[in-house]
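Questions regarding the structure given below will be posed in turn.
In this document, chain identifiers A, B, C and D correspond to the written order of the chains, with residue numbering beginning at 1 in each.
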Amino acid sequence: MLFQVGCELDYAAAVPSTLILNVHAQRGPTQTILSEQFSVEPRVKLTEFSVDDLTGNRFVRLETGAHKKLAIRYAAEVDCDFQTYRARAVEATPVAELVPSTIPYLFPSRYCQSDRLSRLAWDLFGSIENPHTKVVAVADWIHENVEYLRGSTNSMTSAFDTVTQRTGVCRDFSHLAIALCRALNIPARYFSGYAYELDPPDFHACFECFIGGSWVVLDATRLAHLNGLVRIGTGRDAADAAVASIFGKVSCTRMAVTCALGPGQTFKPIDHAQLNQRGVTLAQTS
Amino acid sequence: MLFQVGCELDYAAAVPSTLILNVHAQRGPTQTILSEQFSVEPRVKLTEFSVDDLTGNRFVRLETGAHKKLAIRYAAEVDCDFQTYRARAVEATPVAELVPSTIPYLFPSRYCQSDRLSRLAWDLFGSIENPHTKVVAVADWIHENVEYLRGSTNSMTSAFDTVTQRTGVCRDFSHLAIALCRALNIPARYFSGYAYELDPPDFHACFECFIGGSWVVLDATRLAHLNGLVRIGTGRDAADAAVASIFGKVSCTRMAVTCALGPGQTFKPIDHAQLNQRGVTLAQTS
Amino acid sequence: MLFQVGCELDYAAAVPSTLILNVHAQRGPTQTILSEQFSVEPRVKLTEFSVDDLTGNRFVRLETGAHKKLAIRYAAEVDCDFQTYRARAVEATPVAELVPSTIPYLFPSRYCQSDRLSRLAWDLFGSIENPHTKVVAVADWIHENVEYLRGSTNSMTSAFDTVTQRTGVCRDFSHLAIALCRALNIPARYFSGYAYELDPPDFHACFECFIGGSWVVLDATRLAHLNGLVRIGTGRDAADAAVASIFGKVSCTRMAVTCALGPGQTFKPIDHAQLNQRGVTLAQTS
Amino acid sequence: MLFQVGCELDYAAAVPSTLILNVHAQRGPTQTILSEQFSVEPRVKLTEFSVDDLTGNRFVRLETGAHKKLAIRYAAEVDCDFQTYRARAVEATPVAELVPSTIPYLFPSRYCQSDRLSRLAWDLFGSIENPHTKVVAVADWIHENVEYLRGSTNSMTSAFDTVTQRTGVCRDFSHLAIALCRALNIPARYFSGYAYELDPPDFHACFECFIGGSWVVLDATRLAHLNGLVRIGTGRDAADAAVASIFGKVSCTRMAVTCALGPGQTFKPIDHAQLNQRGVTLAQTS
């Protein structure tokens, strides 16, 4: 499935500052970038880098220098492939058999304090045997018990807050889902990306669980089509995959995000509800 | 400098469980393992693994199976090399010039909520120009304002708690130091290890800051000699480098940790206070 | 119903200190003290006082002076009267009709952050119309979802912690119940007292809700007979009714609490489960 | 000193709701109300009440009924008397000698978790002997270390947050001051009121400490003249003295607050800095 994604980000800098952006689509076995443009106006010093070989996140660091305003443009044509498989046939993987690279995603992180949600997670979901049924139950529970409410949370809100306060945005929904899955000994990680038909258009966050040997993607907000996602960031939580990390004094004055179908594509959405009925799920490899 | 390190850990398992241990000394350019023994009595299924190519942490995962008691023994002879250099000559590295592998250590983590300590950190240390003076000031401030008090904290205590409650153990001192350094845009990470002449003997935790192009080690507790450390774990915080992560129901019934000089060695300690006077510091490469 | 209650508290003082104790049974329309002894050995300066006309709490402040050890003894014979009435006939009282003295018990307090549990409370219990059914549902939910676990919490643990961590003791159960009731606009307060047949014997805490014009007593731990309680303290939470508040450096070296039937009494317990079936409840006036 | 105070509050109700307002000036030995008007347009059912005999807070409860908009107007002419006395001559009052009515103001409350700030308070201020010097040092420390920043906090922010995050408004400054004083065993309480020459005009919050047998008023924000305050609310913290507590769904659409001098008055401000130099302080009796 071919998507045309992109963003326009305008920033105002009060003092010379450094930004680290994470808006580039990832490259991976199931996600191919056919074409890509990235520009900053005016021209500033920039470095493209990754921080490890595992997550595939593509960061851009740029220095505002003396410039007061920056206009950042990104556009890419990305071919995404999703594996669909029969989820209900999958068996739980004990920690003793997990592949090592997934182990860090069992541990608590800044916004996903799985250590503090352990009892709650086991009380709610501990008796569910099938791992796919279990993580879907986590996503369903969040969808039913947390209200999507713009402005009700901020960049310091964590899963420990959300589980009680019960409002949030996609970031908060994902953090809570990740924390609950980790508390259940299921590796879970943060997925940030472009999302087709997300309304209103914006960057999106959802989460992945490692079950049946794959990272299966789920969305507790149910706002995105699971086969309509283009991966930008993979991480333990939003601390690893922020759209922009600012060092200095910079504010975002405008943001526009797009995610459209490529030419000649037709899209048959696979959504949360459907998945459950059909007992299948989706995985995308980073 | 040659050290003989080791530990004896006895565990009692109530149900079949999995343990992930992180007690092996790392291998690295400045830390060579001359000999090493690891045993579990009775014999159980175990896997040795690392989770990435960067930190060098050596994990062992073991399954208790039906066994109710496990006796774990580790012993190694390790040659540690420390680079000493004139710290005061070092200049601050702006975020714009940091090597990419250090960037993740700028972001907040489970126990080091640098995002919430930002103002405090800048108020206390923002005016100090020299990066070595700055991180030493962080360590000094913690040493003066936090009381080392066994039993006053637990595995859920974080830097945000410690900065106000002002008691803790080596883990808490390190988390607070890391959070403050990150808030000051200095990459900082957790260092767990064996420590020569630590009294009483135990695993130790301290922290490293990335200044002058090196990871410089510091200890806010001042309980360890900086050139008497043998590195076990490197991570964002204790979540990455726990001595033991338990999945199931297991309790530690006995723990003995040793760190002695190798044969024929003489030790001239380099401690926190000395470093300041001489304006030098230590770095060990992981 | 006649009870013989009492306590023996031994304290060791490291420095001259002040203690404020709250162990005396209250006097009130439904609780009469027939006889009472209070002694401190050796004799120290002490003041008996109350802080307001509303709660009826009887505090004793005592100064250790140079004494290193204090032995405190309290014993009383107390006649308690409970009103039983048909709870299901009671209608909800809107805030607009609450008697003013109950209004403060709608507001959040140190350990009962009702403001942060609002959504959760309404999601769980908002649809229950009958106020008695509603507060019983709160107590039932806590009983089912929080595990009574000695040592799992401390004096800083609050309802906001317990609602997620899901372990605690009578104090924590009560704080969570109070916070949830307040969030539902039902005045709720802390009740500390002696409890007949509490096992093991100890001071007990439960909670009261203002419904149908009375303060109805409930116990989310289900460890006490509701008609076996002798009231000591009434307050917003444990901060108002601590057994001992210490100013200085004092530790409790021994504590024994008793609550027995008076001579010739026979006791027919009224417990949580029974109340629900019979649709009655209990109130005791402070 | 004569003040003309008042407020205009417009509310929009989405559903029939109840409001509890606390905007009336108190009556007390040192504060006399010469004239007063209170109106709600349109006319709705309202009750004026107090919750105890101690604080003197005057609440109004009103029911919106079917009305969608309410216009509330309050105006009063108030004569305030302040006692000035030589503060430095005052000696510390040990807890053993405090008058009982002040004891509750030693205990932690919702927004003033003095129990968690104990060590910090003693480290910072424990060595100051004179109680007036001590509480002024608390106010000074907050003024120097916390930035007054509108919008940086919300109704859930507490002293435990502010002591680390170091931004807030008058409410947050007061909560932190109260928590620190209580941790130092000095009774401290919340003071809400009208403030002459507060810029921009608004309701104000400051705090009182019980020293030398009086409740001495202080303002960590330094935004108000200490002899320009007209008392509305007294309480443990903002939970006791909120301008408006809303039960239902109501939003404030407009708020205007005034505090002017009465006819023929001339005002000589007594401010924080002055007080320190002259070694005097102010008390107003509630």
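Here is the rule we go by: contacts are C-beta pairs under 8 Å (C-beta built on N, C-alpha and C of every residue); 3 or more make two chains touch, one makes a residue touch a chain.
Here the structure is a predicted model, which means the values were calculated and not measured.
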Looking at where chain C touches chain D, is over half of the residue numbers used by both copies, so same, or under half, so different?
-> same
Approximate Å spacing (C-alpha centroids) for the pair chain C, chain D | 30
When the centre of a chain is set as the mean of its C-alpha atoms, what distance in Å lies between chain A and chain C?
-> 46
Chain B and chain C, separation of their C-alpha mean positions in angstrom = 45
Would you pick out the residues of chain D that each touch at least 2 other chains?
-> 116
Looking at which chains touch, is this a line, ring, star, complete or other?
-> ring
Every pair of chains that touch: which are they?
-> A-B, A-C, B-D, C-D
For chain B, which residues are in contact with chain A within the complex?
-> 18, 20, 45, 47, 49-54, 59, 61, 63, 94-96, 100-101, 103-104, 106-110, 113, 115-116, 155-156, 185, 239-240, 242, 245, 247
Interfacial residue positions of chain B with respect to chain D in the complex | 116-117, 119-120, 123, 145, 147, 160, 163-167
